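Structure first, then comments.
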Amino acid sequence: MIEIEAVTKLYDDVAVVDNVSMVIEPRTVTVVVGTSGSGKTTLLRMINRLVEPSSGAIRLDGEDNRSIPGHELRRRIGYAIQGHGLFPHRTVAENIATVPGLLGWEKSRIAAKVEELLTLFQLDPKMFGSRYPHELSGGQQQRVGVARALAAEPNVLLMDEPFGALDPIIRAKAQDDLLAIQKHFGTTIVLVTHDMDEAFYLADKIAVMDKGRVLQYGPPAELVRAPAAPFVETLIGDAERPFRLLSAAKIGAAVEPGEADGEPIGEDGTQQEALADLLWSGRKALPVVSASGAPMGRVTLDALLKCAARPQ
Amino acid sequence: MGRARLLSIARQGSGLRIRFDKLGIVIALLVAYGALGASFAVLKPNRIVQGEAKMILAALPAWAGWGLIVVLFLAAAASLFRTSSWLKLVAAFAALVTLALAIGSAASFLAPAGNTYARVSPASGFWLLLFAFMLLAADAITRLRPPPWMRVLFLVLTAGGVGAILLSGSWNGLSIMKEYAGRADVFWSEAGQHVRLALGSLIVAAAAGLPLGILCHRVAALRAGVLNTLNLIQTIPSIALFGILIGPLAWIAATVPGAAEIGIRGIGTAPAFVALFLYSLLPAVANTVVGLAGVPREANEAARGIGMTDRQRLFQIEFPMALPVILTGIRIVLVQNIGLATIAALIGGGGFGVFVFQGIGQTAMDLVLLGAVPTVALAFAAAVILDALIEMNSRVLIGARSA
Amino acid sequence: MRAWLPTILRGLLLLVLIAFLVTPGSFEPLLRPLVQPNAPAIYNQGSLLALTLLHLRTVFIATLVATVIAVLLAILVTRSFGAEFLQLSRSLVNIGQTFPPVAVLALAVPAVGFGEKPTLIALFLYGLLPIFENTLTGLTNLPRSVMEAARGAGMTDFQRLLQIELPLSLPVIVAGIRLSMVISLSTATIGSTVAAKTLGEVIIAGLQSNNLAFILQGGLIVGALAVLIYDGLSAAEAMLTRRAGST
């Protein structure tokens, strides 16, 4: 759990982050969105003390983050940034081994961890371990960047626009991978982005920041249903509202008993995916299956339309 | 409420606390040692033997000695704190002027009247103090970031100040000026020769280097060959290149009709001029190539798109945009040539090097200084003026880009 | 075939240089036409090999000391406590490079006397500047994202310096050392005018006795040394750049 309590950061008497308080639940994905200059990156960097707050406190699992030296704190928190920041003079394996090396892990343990992570990120350890970052594609570099951030098994992973430099197809894949990995390790992720689609796709909770303040902090659906400020409304976009609701909800939540014909859809997908499938194939209902493939019922166009409608 | 008030007052208090300048501490230490720990001037019975070192108070009349120490310490104190850079600059200039006047009066104070053999030269303490306050001035000017014209103005003021002191005769008692007095005519003719060598070879090198650079830019096949050859020339040590040219030039003078009449000879100006020209080619050509290669593709595309011919593109687009880089090449050449021209003296080519090498030969260090100081001053002035020119040209470009 | 040509040429140059230094007499017929009938064609006032080694020693010592001091100074002014000196040190390097090497050499004589010392001091001071400038360039132009990642990974300031900043700046530093050495090789010859034992002796002897063969052999040995060292360090730099990757 990350508790941010009345944190303010002043640069030359201007509040870049202005009295922000929020609690981030463990094992969730929290996305901080806002325009550039909204203070979202500064807020993120205060969690691992790359920036020191002017006032206020941040506690990780009840412990003030100033109770240990900054560099030791940062070794316990994963950190991935836009443009990956891989060390160009070190191989992929050496890059991933950075934090375990700083922590003084044994060689065999580091090697095992590197192999595990590379495999998890679908990079063949034998092939990629000894390569240098500039020999990888953009998507591969980004995956190594996240793997490096996770190498010391941190409870918390901070990500600053981690997918910003990727093209749309690779970005979608990277987002899926991130969710899978979050589930795998149970990591608490705080991610900063200006991309609302990304926020709605990844977030358990979204914090909207503007001019240093958090305007609203809550589950994605709540932001659409009850925007707390005009800025939040603008950010979500009037024309996008129904689709945002659908993209923030899982198919499983709209399943009803019954049967339908054709290719089934997994319950893990978003309702937006189900709607797209229905519209494209011209059907009224889709069969839904669980992750293991067991039939669960169906999802109908009518049910989805209700889900997408303005909540009463 | 009371506590918050107190805290805020305490905070203001810490804001007002006197903050030391790190460089100022270094300068103050240098000044303290230079003024009190090291000797200010050396008195020698004649120009070659070892002399007797004198501290400030022994080298000057009491009032002048104490006056100098007070001025130096006041200026050092100004450097010590974080105050306005203008104040520091003024303090540095005041200290430098005082030092300049003091060393002159030390000369007339120490040298026995009527003794023409006795020599007074600045000693380590003087040089240290000079260095300390030049450092302070350099730091202040760096922080002020003066526009190019102001830097040139500083240069002109400094040159004017030095010129005024020289004309006033207050340095006439100094050893270096006695060396000058004996050779005033030669000094100015060698100075003219030095400038002719450095500037003349630069002009010829620019005239040849710019077209060659443009050619290398256009014809990629030429580029590597030309640049490698010029690079190779640069690896030949200057004295050797000067010497090697003696042979071919002597041969030309002897065999080509009319060559000897226009001044081509085996030794003297000709080989020095040719050597400096050869050294100058690399920076001139290389910077032209780099400058032209650095012109943004879009600018060239746009120029082509609106129907400019290659010639128009070269003169209206590429050349103006590459100018700062080309000027940087010219700066490198000029500063380098002013330094290298000293070597010309070894092959009878004249220039300030004549005094340097004569002085080394006679172990007369004041004579060495008579050659070295004007060379350094000339190179420094050239660098300041060309830097200002470069900055003015890049500013035009930056302004044009942001507009 | 073409790619090998430069390497073969350099190998040949090295072989010719060594052959000339070890048995200068066998090259006499080549240089004979350049001199008067009675004058010696090969330097006869000392061993060319010994002078070459002394020349190299002077340059190596000066460059080594210059490298250590320049890199330390550059590290110092790029740390937060030395940041105040960063701009000033840039201006000083700029000013320092306007001092002609001969002037530095000549001005060092009054301070330390004749011989090898003023040469070493001049080479050291003059060699300091390119190395300092390049180290500064290297340390201040590191990719921001890499520095951010290094801090984020929990490296201390010292670990960042040793594990990230210096290795990444190494190619640029080596380029500075290369520049400095080539200048020093040439400047060291002038050291012979203040009685330092370098190859300049050969050239100056040639100038004094109007012996073109002396001038040529002295000049060409220094030129060959410069080309070989320049190439060697360029290769090292290219290797380091490849290793450091292209960010």
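Details
All chains are identified by letter, namely A, B and C, in their written order; residue positions are counted from 1 within each chain.
Keep this in mind: a contact is a pair of C-beta atoms (placed from the backbone, for glycine too) under 8 Å apart; a residue touches a chain by one contact, two chains touch by 3 or more.
Just so we're clear, the structure is a prediction, and the values are computed from it rather than from any experiment.
Chain contact topology: the protein chains form an open path, each linked only to its neighbours in the line. The largest tally of C-beta contacts between two chains is found for B-C. For the pair chain A and chain B, the distance between mean C-alpha positions equals 58 Å. We define each chain's centre as the mean of its Cα atoms; on that basis chain B and chain C are separated by 22 Å. Centroids built from CA atoms put chain C at 53 Å from chain A. Looking at chain B, one finds that none of its residues touch two or more other chains.
The touching residues of chain C, when paired with chain B in their complex, are 34, 84-85, 87-88, 90-92, 94-95, 97-103, 106-107, 109-110, 114, 182, 185-187, 189-190, 193-194, 199-200, 203-204, 206-207, 210, 212, 215-216, 218-220, 222-223, 226-227, 230.
If you check the complex, the residues on chain C that touch chain A are 143, 145-156, 159, 164, 167-168, 243-247. Interface residues of chain B, counted against chain C in their complex, comprise 21-23, 135, 138-139, 141-143, 232, 234-241, 243-244, 246-247, 335, 338-340, 342-343, 346-347, 353, 356-357, 359-360, 363, 365, 368-369, 371-372, 375-376, 379-380, 382-383, 387. The touching residues of chain A, counted against chain C in their complex, run 48, 50, 71-76, 79, 81-89, 98-99, 102, 132-135, 145, 148, 158.
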